[in-house]
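One structure, pasted below without further comment.
Labels A, B and C are assigned to the chains in the order they are written; within every chain, residues are numbered from 1.
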Amino acid sequence: MISEVVMPQMGADMTEGTLLRWLKEEGDSVERGEIIAEIETDKANVEIEAFDAGIFRKALAQEGDVVQVGEVIAVIAGADDDISKYTGGERPAAVAASPQAAAQQAAAPAPREAPATAPSEAPTVSTQMPAGGRAPEPSGPGEVRAPQPAVTETAPPRQNGRVRASPLARRIAEERGVDLAGVRGSGPGGRIVKKDVESAVAGAPAAPKPAAAPPAPSVAPAQAEAIEMSRMRQAIARRMSQSKRESPHYYLLVDVDMTEAMALRKQINDAVEEEERASVNDLIVRACAIALQQHPQFNVTADGERFEGQPAQHVCIAIALPDGLIAPAIIDAGAKSLREIARESKDLAERARGGSLRPEELTAGTFTITNLGGYGVETLIGIIQPPQTAILGVGTVMEQPVAREGQVVVRQLMKLALSADHRVTDGAQGAQFLSEIKSLLEKPISLLL
Amino acid sequence: MAVITYREALRQALRYQVQNDERVFLMGEDIGAYGGSYAVTKGFLEEFGERRVKDTPIAESVVVGAGIGAAMAGLKPMVELMTINFSLLAIDQIVNNASKLYYMSNGQISVPLVVRMAGGAGSQLGAQHSHSLESWYAHVPGIKVAVPATPYDAKGLLMTAFDDENPVIFIEHTALYASKGEVPEEPYRVPFGEAELYREGRDVTLIGYSGSVHQAFRAAERLAGEGIEAEVLNLRTLRPLDIEGILASVRKTHRAVVVEDDWKFGGFAGEIVAIVQEEAFDDLDAPVLRCSGADVPMPYAGALEQAALPQEDGIIELVKTIV
Amino acid sequence: MTADVVRLLQTMMNIRRFEEKAAEMYARGKIHGFLHLYIGQEAVATGAIAAVRDNDYLVTHYREHGHALARGLDPKAVMAELFGKATGVTGGRGGSMHLFDVEKSFMGGYAIVAGHMPLACGLALAEQYRGTDRIAVNFIGDGAVNEGEFHESLNLASVWKLPVLFIVENNLYGMGTDIRRVSAVTEIYKRAEAYAIPAEQVDGMDALAVFEVTARAAQRVRSGGGPHFLEMICYRFRGHSMADPEFYRSKDEVERWRRLDPIVKLRDRLIGEGVITSDDVVHMQAEADRLAEEAARFAEESPAPAVETLHDFVYKERA
């Protein structure tokens, strides 16, 4: 019969003991109850007894060893018992798992740019760096929407006519002029908490905390200084990275002759009130909204591998904020007149700066227009805004000489750049879509129909 | 219905129990020949004899322990301790034995014991006679704690205490023994764990128990004169606690003040506040406040003693900060 | 009352082997918390419990495995309780220090020194109230005699003439403190006299002496004579508990007392008187071994209590 001698538990808080002395040698016979060793614990030296009779066959710990409570330190058995499982070496030391030295690869490489089959080249310029100066920030309109449902509660956070919001959330809402009725709560029971209000204000993500702040951007002169990333910045960073990772962008560029459009615009603006005056961008919004109805495959949203064609055209316009960029949608632009669009785009800009955009405006967009024409940028190639699958970059309108019917004339030209998701569309479709926009702008009367 | 004193109400319940249940007997210092230090058992020794009514030595620990032992053997003893302050001499028996026997024995042995004691202050009895330590007993799982505020409570809760199979710490209030109220003559029970809506209101809930119910009520009457309708809850038992009753009231009024004689820091009112904010956070329009005894040993001088106890003015002041 | 002497010896051997097995199980990490071994004191529990009736209440301290086994609790259930298993005497909830078996009138092991004395008084009070001749036997250690509850209990028992038999197992040390260092009066039985309780000192290493004195005392208590007090001088061969390094007493002293081993003493006497043979002893030892082995195996194989039962038995509901 094999009896294991273990380092005994001698008191509730003992975890290890030191084997001081063996009082038996291998081969000695042992009686039950006989003292066979001395051990040292935190409190005292203690003798340990054999619990069974037999031969002291093997010592598995040496005098002086520190042993964890419960480990086998010797074997007492009959002379003929097979104790080979104990004799394959010393008592098993704790095997340290060698840590994986594998360095983690950086995040997935940028998706391959699909070669455009359309006429234009597709420079893979990421125009994330501003052309110059500080504001405004990147071409991509930045993080604008709360991510799709990370919010667990779908029921509105009301209870007996009271909006469920934490006292802190209420205070912030009051300070920032947010209407709690429009805020979705992510706290227990649908309670609105601080972060829900903050996300409603600035469009920073409501739910999961942003990933650890990315390190300073890769402009690395010798004296690099860590840049503190605001929440909006972090959000933009994350969204744009995601877009580049997941949407294989292709790019088509085209020149649009805006001479007629500018003339019509002047006529319109002379005839209407201030709030209905159209900007160049408003014209482009209208043109896109019409074009999207003809080319619905550019009005598609992506959710992982699922793509949904959206029935209405909610066209986002990019608005610069002190801290970054926001791109709220003109809801149902496809059904709105140029006048309405003009009015709404002004309203959006004002509310964006005042922090009172509605959640729908921040989440429902299906297509985006980003325009740096006001800053003299000629070509703006944008980064698609997830979950959308296309974006139109707009450059400045400038006088340029062109050849028309064998003559050189000066016309007002504007470059448009379409960035589109190659999972959903390809170059030919993009070319047609872009062509449609160009036609509408070059025959601007169609924008009024 | 008869109007009798709190003391007489207790007496009726005890008499009923001794008369109707052979297993019941009473033990305590001076409950027999002296008639009881608060006269609750006056006449009992003559009526029932020494076997049922035992005068004990001044030895709280063994007296309570013997009560526990007799309960373990299947009798239903009642032990009277002169005040809750002296019960501390028996707290080892109550906490280490009575509260744990059913659990430690895996359900084999229960302790149907009633321990009565008087708490509270107001009569200038000095620091060692004047405290309210009910939170210490309410803290212990395995015992129940009753705190009658009225004569009706006293009789009904004491009847229930004898029905209960668990050790019951029955804490009376020294200043209430002479208070009067309507009490039915026939036997009845006030269940444990059901607070009484002592006064209906709308704007704030005042939660009290034992003596503090009356201060809360008086404060409520004065507040009514200023257009504030306070609802007053009489908890009746601290363990089990009528949590649903408290929450229902707070959900209605959205504001609460807990009133207690006991020391504020670490006291039972803190437990009520914790429960309310956990369960009814979204119904609160203001933090839940406490009007408690001052964190001092009880002084003798009259004005000092009054200042150490929650007063109507204090309650009203607190209410006004939140209404 | 005459003793079944062979049964006394077997019981002591069973207790001894059980305690050794428990010590082994503790060292192997199967038993946790505190373990207070009765090795050396077997004569007290064995002799005293054999001398009273099966339905006399026993209220004892935390060094109680011997008392439990002497009262007839199943060693398997006791070991399972030490292991903390659902099949234990109290479902794993009590542990080594809190064994209860109401059906055998075993009313608890308790951990508060002297804290259980009032309970014994109360059980005795209940029987007096009912007019029966059932008594309560209260085992305490020498460490209890300076607690307030010791004095309160002796006084109340005396004044009310409660049918309680107090038995002090004086093993000379309150944990690690020699009784002479902390007691104004070290002959413990004299303290009882201060409360007008008849008292005697007994050789606690002699099971037959324990039996005889206890039987006489119990009879007096049972017939309305009021409480009685027995001081039994004995010795524990192991430390206070498994963690005790025994700095406070010398090995010589332990050795001297080991020579007074109650099991050896009774065994030799019975062999000498021809009541048993050494062969019988071998069989008896084998029986003790078997019971202990079986108990350990049963405990090992038993399930732990389900976590869902955590809140059971806090309060008793009315039927």
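Just so it is clear, contacts are C-beta pairs under 8 Å (C-beta built on N, C-alpha and C of every residue); 3 or more make two chains touch, one makes a residue touch a chain.
All of these numbers come straight from a predicted model, not from anything done at the bench.
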Selected pair, greater C-beta contact count between A-B and A-C: A-C
By mean Cα position, the chain sitting nearest the middle: B
Most remote chain, CA-based centroid, reference being chain A: C
Chain B and chain C, separation of their C-alpha mean positions in angstrom: 40
Centre-of-Cα separation between chain C and chain A, whole angstrom: 69
Whole-Å gap separating chain A and chain B, where each centre is the average of the chain's CA atoms: 58
Residues of chain A whose C-beta touches two or more other chains: none
Residue ranges of chain B in contact with chain C within the complex: 25, 51, 54, 56-57, 59, 61-75, 77, 92-93, 96-97, 101-110, 141-142, 144, 163-166
Chain C - residues contacting chain B, complex: 57, 59, 89-91, 93-94, 98, 100-102, 107-108, 110-112, 115-127, 129-130, 136, 148-149, 152-153, 155-156, 159-160, 312-318
Of chain B, residues touching chain A in the complex: 281-283
List of chain C residues in touch with chain A within their complex: 20, 24, 26-29, 32-34, 241-243, 245-247
List of chain A residues in touch with chain C within their complex: 6, 8-12, 14, 33, 41, 43-46, 48, 51, 69-70
